[in-house]
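Here's the structure, in structure tokens; my notes come after.
In order of appearance the chains are A, B, C, D, E and F, and numbering begins at 1 in each one.
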Amino acid sequence: MPELATFGETMLRLSPPGDEPVETAGTFEVHAAGAESNVAVAAQRLGVESTWLSKLPESPPGRRVLAALRQHGVEPAVVLTEEGRQGTYYLESADPPRGRTVTYDREGAAVRTATAAELPTGRIERADVFHTTGITPALSATLATTTADLLELAQEADTTTAFDLNYRSKLWSPEAARETVTDLLDLVDRFVVADRDAERVLGLTGSPVETAERLDADHDFETVVVTRGDEGAVAVHDGQTHEQPAVPAGNAHPVGTGDAFVGGYLASRLQGGSVPDALAYGTATAALKRTVPGDAAVVTPAAVERALADATGGIER
Amino acid sequence: MPELATFGETMLRLSPPGDEPVETAGTFEVHAAGAESNVAVAAQRLGVESTWLSKLPESPPGRRVLAALRQHGVEPAVVLTEEGRQGTYYLESADPPRGRTVTYDREGAAVRTATAAELPTGRIERADVFHTTGITPALSATLATTTADLLELAQEADTTTAFDLNYRSKLWSPEAARETVTDLLDLVDRFVVADRDAERVLGLTGSPVETAERLDADHDFETVVVTRGDEGAVAVHDGQTHEQPAVPAGNAHPVGTGDAFVGGYLASRLQGGSVPDALAYGTATAALKRTVPGDAAVVTPAAVERALADATGGIER
Amino acid sequence: MPELATFGETMLRLSPPGDEPVETAGTFEVHAAGAESNVAVAAQRLGVESTWLSKLPESPPGRRVLAALRQHGVEPAVVLTEEGRQGTYYLESADPPRGRTVTYDREGAAVRTATAAELPTGRIERADVFHTTGITPALSATLATTTADLLELAQEADTTTAFDLNYRSKLWSPEAARETVTDLLDLVDRFVVADRDAERVLGLTGSPVETAERLDADHDFETVVVTRGDEGAVAVHDGQTHEQPAVPAGNAHPVGTGDAFVGGYLASRLQGGSVPDALAYGTATAALKRTVPGDAAVVTPAAVERALADATGGIER
Amino acid sequence: MPELATFGETMLRLSPPGDEPVETAGTFEVHAAGAESNVAVAAQRLGVESTWLSKLPESPPGRRVLAALRQHGVEPAVVLTEEGRQGTYYLESADPPRGRTVTYDREGAAVRTATAAELPTGRIERADVFHTTGITPALSATLATTTADLLELAQEADTTTAFDLNYRSKLWSPEAARETVTDLLDLVDRFVVADRDAERVLGLTGSPVETAERLDADHDFETVVVTRGDEGAVAVHDGQTHEQPAVPAGNAHPVGTGDAFVGGYLASRLQGGSVPDALAYGTATAALKRTVPGDAAVVTPAAVERALADATGGIER
Amino acid sequence: MPELATFGETMLRLSPPGDEPVETAGTFEVHAAGAESNVAVAAQRLGVESTWLSKLPESPPGRRVLAALRQHGVEPAVVLTEEGRQGTYYLESADPPRGRTVTYDREGAAVRTATAAELPTGRIERADVFHTTGITPALSATLATTTADLLELAQEADTTTAFDLNYRSKLWSPEAARETVTDLLDLVDRFVVADRDAERVLGLTGSPVETAERLDADHDFETVVVTRGDEGAVAVHDGQTHEQPAVPAGNAHPVGTGDAFVGGYLASRLQGGSVPDALAYGTATAALKRTVPGDAAVVTPAAVERALADATGGIER
Amino acid sequence: MPELATFGETMLRLSPPGDEPVETAGTFEVHAAGAESNVAVAAQRLGVESTWLSKLPESPPGRRVLAALRQHGVEPAVVLTEEGRQGTYYLESADPPRGRTVTYDREGAAVRTATAAELPTGRIERADVFHTTGITPALSATLATTTADLLELAQEADTTTAFDLNYRSKLWSPEAARETVTDLLDLVDRFVVADRDAERVLGLTGSPVETAERLDADHDFETVVVTRGDEGAVAVHDGQTHEQPAVPAGNAHPVGTGDAFVGGYLASRLQGGSVPDALAYGTATAALKRTVPGDAAVVTPAAVERALADATGGIER
């Protein structure tokens, strides 16, 4: 089985049932939530042996995170520590105009002090792909260094690197993000970016196709993918541009959709899929995710293929 | 009060709350679910004294089924046995592209060995209508024989017979269904079939009106009804064709809609309604069912009439 | 902080989870529900010191009501009594054609014997605005008198009076409502009425603008507001007519929307907003309420302003 | 199958989950609760065809009561009415010193106006036993008359009458109870009374055996049973005194224990059991009830026999 | 009404339902939990106008704390801030040997930077009693200073000061606690300490009576109270020693028992109770708390008096 | 890390919340439950790399089992199949005399056809210990053969074998069990048996010590352990007899206690513990299990050591 290693923070997400406000909630539903572990979960479920490197507090909430990831077959490779806390966030969801409210409570998380020296980096060296996102370097100066160190280490080990820009305005400014991320891009083989992040952070204001082609021109990526929310994705690879429409889907549980896309896309590539195959696979995984509570894409290869068949069918008829 | 007798299997339906997957569910909601008992529930609630003949294990899950039906006033007439299990099915529901997943777990159910000799058939003989569906003969060779025996016994007792083709692709092939059902149709007075089943099983590819008229021409039915999913129903009776549009409704809980239609249709006929009245009544019952969790149509005559008035009103104004 | 006093009945609302029928429900969700206390909750949350005068049984369900209102910062000013019960109502909600069913169980409520003499009317005298609705005088002859007494008392104390007609067909006929309410209108400064109630009770069949202008012409109101369901509101004030479109919103929890409008409208006025400002503020508060379970508008000034900005933005761009 | 008819009020019981106070509860669990219908449920489940006569509002909460009783096979024989409400009560349960708190909300219940003339009394006439309790005449003057009328009617029809004194201090004083009940006792064949009620209401201060023998001496009962809380029961029948120790049991759900005793006792007698047999059967049914949530004794003949065998075994060893 | 002001941190307590481990929990129950606000809740419910001074993040979880306290009538007097987080803790409860596990997650809480200068100290000056505990100075150096400042400010305003030592081994060492607390004791009028804390922190190893008398001899307290877990309390006041046994109670929800004692004790004193009265009142309040889920003592004066009557009765017989 | 391989059936356990009967349950809680996977879970959590060999249906309920085990870090090594169902059982729990009721629904489970040839037996060969129980050969003739085959295969690979007799009267008679198990005992190194099973199945009627010594004398075991319910365990190893008292514990969740003992015992041995160490470790693990909902022993090495320290402490004082 091909192998994927990821690195980043995973929080406990605390969300009132239904559209109840946090202020009046009697209970919170508990999910594990982290961009990189979400990718690992999706990829693992779709046939890739996946691990997630991180640092967690040795505590019941820390173990709650481990259990949540293991349940999907992901094998966490974490440093356990007595220092630092388990990050959380409060998620409140409702129809507009109330919408979705995220309250981060991730200050002081144990992961913020994680260094390449203490992490089990052997898992990155033996992996086929190493993936992380722009959230990780935003969390602390240490993590910015660690992110760069791990990408370098992967490159040296001939492990393909993947990186999703994943800009979070609650963590840093576009300028700070641009400065840090720009330095990292030289270390990235497969780059993924949402078109709105490409605009906000990288200043690329063209169409998704233009953005993807510009990014391809300006960097030495193996592949660049620009995602378009509900509307699908564009990739440039080997001089070719590939466009993939979105698979129609409900939107009950949008959190984690982007990670599901990346997980599906990497899983397909790792199992020999072409770039267009992988775009389609990622798009279908993302569409399925929108229907699943929590952050994790509880999908199966069969479900992804069914979603693809229906979508294709819908177009062909 | 007019009387209805039904015969078939009732399962326990196990469904995770909301759109949670079975794989990650901490709890299952429990409902009783069976096409024929669903019809009995709807008819009982709409003014018909209804019974349900079957065979159940003498066990807590078997008693769970009895309690669920009695709650609506249906009087079960069942053989209790130490042999065989209580059938169940797992139902997972989500928006597309995930959609609805049914995992049957009904192998080895106690009902599969039920014979006419052991069942309390007096309830069929004294009933005004006896109803069963194409699911029952699909479950076992014994049940195929029992189904035929009971329909014959009803005919001999001058009990009107009703039959809903209800094709289930997870139980048998269209060919097997056609072979078994064709033999039964001579014993049927009121035949109900969904247009897609008429096509798949009976090979009738015309419009619903054409299908209904062809079925009427080829058989000696008192009435034939072809249902059209959300779109209503067509009946041919006494040489006349009647078309009934659907009552607009949400679609939160579609499972059991067809049975609610039949329950409402038979209830109306049994209380003196004309065929067009009964089509309208069945259609409104089905529309209400789509809004009720579980398999049972938790309706009242007043609610059905309100739904009909609104639907008619909407058209007339 | 400006002060608001309200007077009326608050019930315990018992509602099955989701779209479960009352008949099959294993649990009821519990909320406090009353038009006037709903207004107090919304206004309190939006920056107005609000109280609610009433009479409650000295009992656990009576205390349940107090806790529900205090939770939002409203300070109840109630007479506790050993006589009379805590009113309740059963609320069943589903998509059409089942729709929403209200079963009142408010006969014999303790509040029905409340008199001005026993209530802590000092709270009305020191308030800036006193608000009640047409539900209160419908509940008993005593309460009809008390309503008039309190409005008079407010006028004498130079407390601005506000009144929402709020016609309830399950409590009285349009004729009875008209007779009682007409006598009260001379005591009202800020009158609010839904356009369908203006037609049913007051016989005003024109457009909302016509209705508002007619009401303004016929009475000596400081302001008259006619609300139009999802469609916004019209006010006439100081010889000028102001129209306010609705803020687009989901409709998951419509109960209490009108009260949220009044709460937002009065809160804005009490904090120096102009009539158009207040209409906008009320409309946004109402839109937010539609997304919150229960009767209470769990809003914040920031959320209202965000909703307004989005709505305005949508129109201006 | 032998037949039992009962008459009385059944309320909806609203209880917070676990030991949560009503004041802070977000949900209430819903159960049907009435002394006489509890007896009918126990007897029906133990092999007696049981009905319950009453008067209910035609409303969702009224239908909730019907569904709860039908679920156990009891066939309600009720008058449905537009007048009067569905009685409820709030039950809060905790360890000492908080203990159990009952808040009745049964004023104005539809049943309070029920007369013998409107009830389906044919069910009493054809029954083998007719049962009611001292709660019923406490509810209204009309019901006091109706209770007497029904007991007389039963006597005239040669239906054995059973009556459980069941004193409720929240409904009337011991003196009022004594006056009303004394008049009824001439109409009673099988009298059941808790020893503490015999003392409080009837002024009998001796041991349970003395109380039972005194009651037997002073009246013309077929059988008199004095129950002793957890400690069992004493019967006098045909000049003989029978003592029955309690079956050891947990006490998680004591509400309804006395009714379970009566249901088991009558079921045994109706199926040919001797008085000592019936005492044992009733005691075991009561012990099982203490372990079942809600008011209803969800028992089976097999479970009762197992409980009896264990209890006997415990004594024999 | 007498007035009480308190100061300290209130956390959100996250606890799995029942005895589920945090590691496998799908939901957390949410309660507000803080020693000083617990005291305010108990005192408010028992007839004292109570406030709680603190500093909270302006966020949904911060508002959740406010709502929880307001629900009981406590009026929070808090500084809202954009800096710092809402502290939480995870509580896991089970029978021995698993027992109860507390995982604090209170690092970085907004309250840790609270200074006397920014708090609404007018509430302390006008109060009759100001209360805080040894938890507060343990949380940060700033809070140690603030605690001393507020006690001084109270003394200057002639507000009686109350202080519960409340040692928390997860926050500081006994030595650190002793050093900080010793400096505060000169500012305290009413001192409360658990006997095990008196031993661990203050090195007083005698019996509770000896400990109380030694504390009284060594300091200038108005009253000193030593609590003995389930076993009651000892007070020395005005040269007299008073012993109070515990009220027997279940132990389903022990968290918050000590705070309930203090709340009841202060409420009684503030309403004119003697020291023995107040000990009894506090003990009964604590007994009731053990039966209530969450940290708050959801009690009423009537329930406390009932518990006292039962306990006294038990002794007198 | 040492390695453990286990083999057997894992069911989905369906249990109503609390002490609700199956017959009236609206929901079932879902847990994975199997003697051998329970052992794997306990051992994995206590430091042993554990796997579980089995055969599961390729279906949502089959995946539910996988997720449940993976959550604890166990790596399932299963054959997925389209044939056969996912076994379940219904568990109803209450105080006596109702007690605990198990209704197996495991007929036709996919595992019943599992053969050594199709299973990934490499996992057994490379493990340090292979464990199975007497439940497995009771399930089908095929599984009886497979059990013997796997034990032989383990022996040949120098993998230590462990076997827990685990007699289930609902699966076979004591005679059938004795016949099958006796043949297997020659292949077993570490034998575990409950004293009541030793009596029922093996006819050994002495004290646990006598039973253990007799078993040691009659077979060629490395170690024999006889467990005594709540009372601890006795081992004979290397000619020495070791007695271990039970760790005092609540009994809220007894199902799975025996498996927790075996898991703890094997984990200790596999990590170098002596036989007395392992008995103590197993006993503490079992005590903790009694406090955890579900079948799995959600323990940590720290919790086991704490339980041991407390128990020892309790004895030493």
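Definition applied: contacts are C-beta pairs under 8 Å (C-beta built on N, C-alpha and C of every residue); 3 or more make two chains touch, one makes a residue touch a chain.
The chain list, named the UniProt way, goes like this: A, B, C, D, E, F = Sugar kinase.
Since the structure is predicted, the reported quantities are computational estimates derived from the model, not experimental observations.
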Contacts common to chain A (Sugar kinase) and chain F (Sugar kinase) (chain labels): B, E
Neighbouring chains common to chain A (Sugar kinase) and chain D (Sugar kinase), by label: B, C, E, F
Over-half contact-pair match to C-E, picked out of the listed pairs A-F, B-F or A-B: A-F
Same-residue or different-residue interface between chain A (Sugar kinase) and chain B (Sugar kinase), half as cut-off: different
Rounded Å distance between chain A (Sugar kinase) and chain C (Sugar kinase), as computed from the means of their C-alpha atoms: 46
Gap in Å, rounded to a whole number, between the CA centres of chain F (Sugar kinase) and chain C (Sugar kinase): 62
Residues of chain B (Sugar kinase) touching at least two other chains: 21, 23-24, 26, 63, 67, 71
Chains that touch, pairwise: A-B, A-C, A-E, A-F, B-C, B-D, B-F, C-D, C-E, D-E, D-F, E-F
Contact footprint of chain F (Sugar kinase) on chain B (Sugar kinase) as seen in their complex: 14, 21-30, 59-61, 63-64, 67, 85-86, 88, 90, 92, 101, 103, 105, 107-108
Residues of chain B (Sugar kinase) defined as touching chain D (Sugar kinase) within the complex: 63, 66-68, 70-73, 300
Touching residues (chain side chain A (Sugar kinase), partner chain C (Sugar kinase)) in the complex: 18-21, 23-24, 94-98
Interfacial residue positions of chain C (Sugar kinase) with respect to chain A (Sugar kinase) in the complex: 71, 247-250, 252-253, 284, 287-288, 290-294, 298, 303, 306-307, 310-311
